[in-house]
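By written order: A, B, C and D. Residues from 1 in each chain.
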C-alpha cells in the first residue's frame, strides 16, 4: 500500500515536490493546497492533482477561474499519512498545529527554524538518524548543497576545516519585485546562518560561511576551500568520487559549460520537469587540489535541489525504506535524475 | 513515405528544430550537423540523432569526448530531401552552395538576407505563396511575431497602419559575453530593420518599427499601436480572435502573469521541450481598444518562436500539405503546443 | 533681498534641489529636513545646510551619529518664504497642511496627484501660467521630458499627434530592493499615466503613452513618433533647434555616446553635482524625419531632470522673475548647466 | 621646478590620472594622448589639457570634431620627464619602446605583466623599494585593494594566512558589450591570478585567491578571511586602525550603506571627480574578529582605486619624495580625498 502524501503550498518548492512524489512508485499524491488561483493552480488541475484551498483562500476566486476545488486544507490533511509543508517561510510554524491536530507526519522546509521539527534532514548526510521521526525539516538549498558535499568528503578523506563564500542569487526567476538590479550586497552576518545550519546535519563539522547577494536569478555559487584530513592521490580521485555518488554532476572541459547560465541551458536540454538541476554542480576545471587543501566551485539550483531530499525525507519519516542510499536510488530513478 | 530532413547547425535554433522535426509523423530526422563537441552534441547522441561534422570541425575532438560521428555534412546532405540551415548568421549564404550542389531543398533562417531564398516564409502569413519553392527563409523571431499578429488583424478588421517599439532582449540566456549589464541601447536605425522585413511577408503593410536593446535574456516585448480599417465591437472581440487562432497565448488577469519572467515560468510549468514558448504572448490587461486604434503588448520568445515555422516551411517547400492551416495544426499537435 | 527657501525631504530629489537652490544668487537655503541620520544627512551638515527633523524622526539618533540638529520641521517652516516638498510619494499631501498652517508657498513633486497644487509646472511649457500661484507641482521626470520637447516642437512646427513608448528604469541606483533583475514588465495601464499628466501642462496636446519597465537603474528612454503640423526642412533643422534651446543635449556621432551607460559616463566626466544629466538627451543618429513625421529617442535622467524645474517653480510662485526664459537662464548659469 | 608628466591613453584610468596629476602642486600635466575623438577628448580640451594623437589615430577625425591637436605621442614624450601609460592591456609593452627611445621614466598599469617594469608598486605596501626606479607598474585594482589592507594588517598584528574570494564586476559602467547579464561565471584559474600578483608587493605573504564574475558594473567585493599572527584586543581595534590609515573608508551602521550601490551613491554625494571612491571600503558590520581570525568584506572601485597610486608612483620613480606616507598625504590632500 502506498503512503498517502499531501503538499501544502504550490509555489516554487511545492509544485516540484508534488511532481516528484507523483512519480514515486511507493507514494500517492492525494492533493495539493493553494491560496489563490493562478496558472500554477491550473497546471495542478491539468496534471490531475486534486486542488485544496489553504491559507484563507477564497473559493469564489477559484470558481471564477474555472478551477474545481476538492476541499479545504483540513480535508486534505485528514486524507493523508504525511504532509509536505511548502508554504512561505515562517508560515510553516503556524501550520504545524494543523498537522498535529490531524495526527499526521510532516516535512518542513529550511526556511523554518531548526526547532520546528524533531530533526533536520539531508539524504546523504543523516538519513539513518531521521528514521521514524514524526516531523523532519529538509535543510535549505545552500545547506543541502554543503551537506551533500560534506558527506562525500568526510567519508572519503575526512574534513578538518571548511570555508565557503556563498555567492547568492538575489531572487528566483519569477520573483520580479526583488533586487538589486546592479550591485553586490554583502550579508553582514559573519559567519552567515548557513554554517550553523549545516551543523544540524553534521554537528562536529568545522565550517565558516560568508555570503553576498548578487543580481542573478539562476543559481547560487559556492566558493569552497576544504582542508581534508587525509590527502587524496590527486584531484581526479576526488572528482571521480563525486561522479560516482548520486546527486552530483561534474562537468568536463569539452562540455563547454562555463558558468551558471550554461548549467541552466544544460538543464533545459536535459528536460527534467521545470528544467531543473537537482544535483550539486561541479567542474573538473573548477577543482584544484593542493595536498590536503581542496579548492572548488559548486553551483546550487535554489529552486530544485531540495526536491529529491523531500521525497527521501518522506521515506525516512514513514520508515518506508531503512537504507538511505536505497531511498536515494529509488527517488532518483523515478524522477529521471541520471548522472549522464 | 516520410520526407527526409537534415539539420545543419545544432545551437539555439537547430536543436529545437531537430526535436520538432523528429516528432512529426510525416518527417524523418536523418541527422544533425555540429562543429565541435559539447553537452548539446552529447544530448543529440542521447536522443538518437546521428551526428555529422560541419564547418571544419575536428573528428578527433568528437572522438576524445566519446561522441561517435556518422559522417561529414556532405554525407548528411546526400541522405536528405531537405536541409534546415541553422548555422550562425551569414554562414547560411556560404552553405547554400553545398545545398545546391547536393540538389536538395533548403530552409534558411531570418539572420540571412531575404535574397538568400526564393521567398520569405511565415505560416499564418504566406504559406500558399511558398508552396514548392526550393529555398525558403523563415523570417526572424521579431518579424515572425509581427507577421502572425498581422495575419490575424488583417483578416479580421484590416490594418491601416502599425507602429511598434521593439524592446529587445540583449542576449540569449546562455550567451554570457554580451551586454549591456545595466543600461538601454537605442537602435539608431530608424525605422529598424524589422519593419522592412515584415514586408517580405506582407508587401503592402504600412508599418514603422523602432527598437532598443535592454539587459534581459528572456524575451522581446513589442509595444504596438495598430490602426485597424474597421472598428471591432470591443477589445474582447479581438483578444477572443487571437485566442481562437493557433500560436497565440492570451493571459487572463487571474493567471498572475505580469511580465516576461512569469511567462517563462509558465513555460517551465507547461514543460514543452526546453520549456519553450512558441506562441505570441498577449495579455487581456495589456490590450486596449479605442475605436479603430488597438494598443497592445506582445512578448516574443526569441529562442523558440520560429521553430514551428521551420516545420511548416519544410511542408510548404516539399508540398507535403497544400493548406497552411492544416500544416500548422499538424505541426502543433505533434509538438504538443496547446492553447490552454 | 533673497527669497528664503526650505527643503523638506533630503533624498534623491531633495538633496539635489537643496544644492541647486544654494547656488542661486536670488535665493537663500535656510535648511533641509530629514527623518533619520545617514551619510546624506552628514553630507548636508558638511555643506553647511542647517538640518531639521521631519516625519517623526528621533533627535537622539541624530545626536548619536554626531549630527547637530537646528530644530523641527515646524521651526524650518516658520523661517522660510517657500518650501520645496521632496518627501516620498503621497506624503506631500499630508505635509500640505503644515505649509498652509505656516502660511508659506509650497512646491510639490510629480509623485503627488495634480490637485495637490493650484497648477502643474514645467519651465519651458507653462511658466507664465504659474506666476504667483501659492502652490505648484513640478511634473514627474518623464512628464517633464515630454513637456520640454513638446514646448520646442509646438513652437517650431506644431504638433498634430504624439506617440511615446516609455522604457522605464526599474529602480534608482541606490534602491536595492526593487526588481526585476531579468525581464520586462509591461505597464498594463493603457495609455500609461504619463500622457494624461502631460495634459496638465499642454491640455490640448494629442498624446498616447505606453510604458514598460526594464532592469536598469540609469535612465528612462522614450521612443517617440511625433506628427508635426508643418514639415521641417530636414532633420537637422529640428536637431539644431533642440541644440539652441536650454535643457537639451544632442549627441553627435563622433562623440561615441551609444546608449544610456555612455550618457551617464559623459555626465560623470562633466562633473555637475552627483554627476547629473538635467537635460533631455537626444542623438543626431537617433532622430529621423520623414516629411511631417519625426521619430526619435530621448533619454531622461530620472534623478535630476526635475531639479532645475524646481528652482524655476520657486521663481514663478514667488514672482521673482516674470519671464520664464530669463529664469531658466539664471537657474542654468548658477547650476553650471552648459550646452557644450 | 615641477616634474613634467604626460598621460598616454585617456580612457577609464588615463582621464582620472590626468585630473589627479593636474591637481598636484609638484607636477605639471604637459598633455594627454588619445587615439580618436570622443566626448572624453573634448572634455580634455575643455579642461585645458593639450591633446596629442597616439596609437595611429587620424588627425583629420579630430579636426572634423573641432578638437585642436598639439602633436603626436612622440612630441608629447619629448616634452616630459615621465609618462603614465594608461593604454589598454598589453599595449603598454609595445609603448615601452617609445618611452625608452625618448629616455624618460614610465609608469605602467596592472593589466601588463609584472616584468614590464623594474618593480611593481603600491604606495602603502612598498614605496621605499620603488624609489628611483625608471619604470614602475602600479598593480591592478584588486591587487591594490589587497595590498593596502595587507600593509595595515601586517604592520599591526602580522598575517599568517589570507584567503580571499573576489566577487568581480563583469564590466565597467560604460562597457556595454560585455556580459553576463544574468549568471555567475566562476574563474577556473585556481588560485586566481590575483594572489600571485600580490606577491609582487609582499613576496612572503601566504595568500590564496579565488574569483567569480557577476553581473554588476559598480565595484568588486572581496570576502576575506585573514589569520593574524597576534590577536587584536577586539574588532574595533582593527577597524579603528583602518580608519586611521589613509585610503580606507569604514562605514558605520547609522550611515545606512548596505552594499556597493549605496557606496557609489555616497561617492556621488561626496563629489570627487567622476564621483570616484579611491579608498578601500569596509564596514563595521562587515567585520568580525574571532581571536586571531578576521573575517571581513572589502569593496573596491575598479575605476579609481589605482589613481592615487599612480601619482605616488610618479613621486617614487622621480624621487620627488623619499617618504611614502608623505607622498600619500600630499596626493590625497591635492585630490580632495578625506577620511570623513
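To be clear about the criterion, a contact is a pair of C-beta atoms (placed from the backbone, for glycine too) under 8 Å apart; a residue touches a chain by one contact, two chains touch by 3 or more.
The model shown is predicted, which means the values in this text are computed figures rather than measured ones.
K.L.:
Farthest chain from chain B, going by the mean of C-alpha atoms per chain?
P.N.:
Ranked by distance of C-alpha centres from chain B, the top chain is D.
K.L.:
Contact counts by the stated rule: is the higher one at A-C or A-B?
P.N.:
Spelling it out, more C-beta pairs touch across A-B than across the other pair.
K.L.:
Could you give the separation in Å between the centres of chain A and chain D, each centre being the mean of its C-alpha atoms?
P.N.:
Computed value for the inter-centroid distance: 43 Å.
K.L.:
Taking each chain's centre as the mean of its CA atoms, how far is chain A from chain C in angstrom?
P.N.:
Averaging C-alpha atoms per chain gives centres 48 Å apart.
K.L.:
Centre to centre, by mean C-alpha position, how many angstrom separate chain A and chain B?
P.N.:
Each chain's C-alpha centroid was found; their separation is 35 Å.
K.L.:
For chain A, what residues touch not just one other chain but two or more?
P.N.:
Chain A, residues with two or more chain partners: 173, 175-176, 180-183, 185, 215-217, 258-259, 261, 264.
K.L.:
Give every residue of chain D touching chain B within the complex, in rising order.
P.N.:
Spelled out, the residues of chain D in touch with chain B are 170-171, 173, 175-183, 185, 215-217.
K.L.:
Quick check: in the complex, which residue numbers of chain A touch chain B?
P.N.:
15, 36-40, 42-43, 46, 61, 64-65, 173-176, 181-182, 217, 251-252, 254-259, 261-262, 264-266, 268-271, 273-275, 340
K.L.:
State the interface residues of chain A toward chain D in the complex, per the touch definition above.
P.N.:
163, 165, 167, 180, 182-186, 188, 190-191, 208, 210, 212-219, 221, 223, 225, 258-261, 264, 283, 285-288, 295-297, 299
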